[in-house]
């Protein structure tokens, strides 16, 4: 009860989902964490065709964070449907398939293929904010019109929960958020990674092959929180906050700022069982603070 | 795969540059095989985003050992460990060396790459599989093994201060000479800095000797999730999923790859 | 020689300037650092009228960084000219007066007043990127047209070195940079702080009175570096990089990415003598790497 | 103002919650006066952006002392200090208490606010200026002074476990009674948690007793540069620059302010 929240008929028993790209397809660390204790699992981004991803190096450490430029390496939607989906269906945890594409048509085709399987997934998270691919990716997430059009097209194809994942690399994220809402999104998630870069000064090469990449981890938490707050002022649909969460206080910050649920990303690499640990910390905190349901704190920040 | 707070039971300096730490973990020790690594937190309150991968260098009973060199902030922190310290380790991770029973194993290690090779050496010795072992370093102070060619152990140093003067190829050549007439055909098991791996790999390819090389890349998750540890392959590896034929994952598809797919 | 670089006839003997708002007017920590060893001193932002700044709390610590919302507290240009400028004139270090305003007219008036003193300052840095004031501030730095118009107006009033300081809180910083160049700026500096936020979960209040504020420090270094790199690809005028610099390697990263000079900000709070320490580290590094003049590394990152 | 790597010469626990550390610094010790603080790095490789401000709690010769309570990561790090540790301190910073010669000083301290008040107590004792000293805490375990009303020292505890039961106002009232007939008029010197400062300030204003209160805010630079430590004033303070009459800087214009400008 402490954490109950429901979105499009999906019932969440933990506010902590695992973020796309930071938990694979849920089969790598099953020795270390009970996946069914997650609030939800968002898959690595799936594209129409298999993608081998960017050349290495693809990751670099930064102060309180990391850069990545994976380039959406993934087996493609057909393999996903054939080899991965059957296993995901067996999970009790709600699964969201994250979809990426280079053209509107690609997004639609991936969604259609998934819908045609009658997939028992809870819904879709649409990545319109990946900074690490040449075409598409972030391009969809920096323009309100494109965002609205894409959202509208996908909305037509599915009744499942449709979450648009927003990029922080824009002047006014609230405009993109409003466009996604207008297009018919059921919920929004924010933020994806922040464009960043790092150089190895000894050999004068960028630490990522693609030169720039996406910054994630604790370093971006204040940025993510500000964006989530701005979005929550601008839209009425549910909001999933993420960016740098690593403990229960971070989760509560996002909820106070207006999030309904959160995702944890980079922290999963250091602590594969973070989602369960933090859920426990939240439980204790709610108990101590007499919070019947954590969700009651949504947007309850007291402004001066 | 296990995640455990492993107690440090001993710390000692093995050479000018190498430190050895014994870690108590029944689970990881029981499952660890040569080639495996663990991904650890240098401190319980480790701020940076990534763990630090370290090869398993030895196992005895419930204790496994690692060997490390201080190169940055993580290894500097590890250098402050004292017995009693608890170290959060995930492991064993990665693939392992195979085929050493069917071949005459020639082990080649350099720098911190010595760790997994040394583990293999111990396993082969224990199981009484005769093999050769070549360890390279820049100078004598970096070695902790003894140069004993009669027992199949060659050290090399760039400055000639101990063992053969030159790089590990000098040792490899000596070993190959000695192996003539052996029933078993040789196979090389190698781990070292990139230049050494390349030289040994090229040598093996030219000589037509099978060669498995353990490589190091930067890693975040160590478990195949983040896709950050990609390594470019020159040849497809049928066992891997199609989308990883060109860029394989060092942590999961490796860290050990055949020389022909790397070079 | 090692560090010589000249901009508009101003000769710099260190690549390290101290950033606006992080060294006051150069009189607070003279016991701890020889100001004449700085590459240059950029003053706290000066406005037409005195400003008392935002209500407290104005600062908060974040992972590898801090948030601030000072709100341009400053004595105003008249007091500055009467009480502070005479002392600054005595310095050997080049001084840049940072100017902020709520309207184009305000910026112009402040500049005029300073010009009329025949001020012996090296030039001006124009803050069009402060995220912490209600009016003006960042508004000027998020639109290329406004940026160009403001730059042009100021350009007409002075022959001194005119530096436009850019905001990272935009979709395309290179467009703003190009606009400033078109308007006649002599140089650009980037970046100002990134919009961020933090909440005290125990009492549910934002850690800054203004709710959101500006994130600075090591956390934003990868973001700053990516922005500087993008700007350097888009403009031909000199570029001053800043954001999260705390050691000599950071400085070299910015120069490799395309900066001519750098500024250090937040690190000054922790280490008031940072500019001198880092200069020393750079000296050793250049010696070891046989770099005759650090500036030779400008833009010399080797791309894959 | 000095910046020095000060050597820790002694560490001891003074109460259930208070730790005392002796730091060797001839320069800071010589210049330090009651009310001053230092801004220090909890560790040489301290990652967070800000130093941690700590009041000077005592000076003897070349050594000054601080008293602290563990409340977060910085003070937790300080808690690991051992003799020999070098601590980067900037100080002395801020303004100091004045006017204690002309008045009958009544000192009021609570929690870690005891530190600067205790320093003043020592200076007054040494210079033989008779004064009263009231120290408040929640419970007896948090006190390290003795309740000795006959010597002008009152302890108070919320739970009555030692000294007067109640908050420091109880002690203040007792002191005020005792002071009747004194030649010198009283002046209060106070430092404590916000609620205590407010209560004491209001009391003093009502009683018409001059009262200087040292306040704590979050600080980045500690030297008047960042303008981050602003504190709202109810009355203008003529000595301050016009733009700081409403929001003064706790680190430079303070940390000591008159009660009437604060409340």
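Note that the chains are named A, B, C and D in the order they appear, and that numbering of residues resets to 1 at the start of each chain.
Methods note: a contact is a pair of C-beta atoms (placed from the backbone, for glycine too) under 8 Å apart; a residue touches a chain by one contact, two chains touch by 3 or more.
Keep in mind it's a predicted model, so treat the numbers as computed, not measured.
**Q** Mind listing the chains that sit against subunit A and also against subunit C?
**A** Common contact partners of subunit A and subunit C, which must touch each of the two, are absent.
**Q** So if I look at the partners of subunit A and the partners of subunit B, which chains show up in both lists?
**A** A chain counts here if it touches both subunit A and subunit B, and no chain qualifies.
**Q** Between subunit B and subunit C, what is the separation of their C-alpha centroids in Å?
**A** For subunit B versus subunit C, the centre distance works out to 48 Å.
**Q** Where the CA atoms of subunit C average out and where those of subunit D average out, how many Å apart are those spots?
**A** For subunit C versus subunit D, the centre distance works out to 36 Å.
**Q** Centre to centre, by mean C-alpha position, how many angstrom separate subunit B and subunit D?
**A** One centre to the other, that is 57 Å.
**Q** In subunit A, what residues contact two or more other chains?
**A** 55, 62-65, 218
**Q** Provide the list of subunit D residues touching at least two other chains, using ranges where the numbers run on.
**A** Within subunit D, the residues that touch at least two other chains are 47.
**Q** Please name which positions on subunit C make contact with subunit D in the complex.
**A** Interface residues on subunit C, with respect to subunit D: 21-24, 28-29, 31-32, 44, 50-62, 64-66, 68, 70, 73-76, 79, 216-218, 266, 268-270, 272-273.
**Q** For a test of understanding, state which residues of subunit C touch subunit A in their complex under the given definition.
**A** For subunit C paired with subunit A, touching residues are 55, 62-65, 67, 142, 169-171, 194-199, 201, 203-206, 209, 211-212, 215, 218-223, 225-226, 229-230, 244, 249, 252-253, 256-257, 297, 300-304.
**Q** Note which residues of subunit D are touching subunit C in the complex, please.
**A** 1-3, 41, 46-51, 90, 217-218, 220-221, 223-232, 241-247, 252
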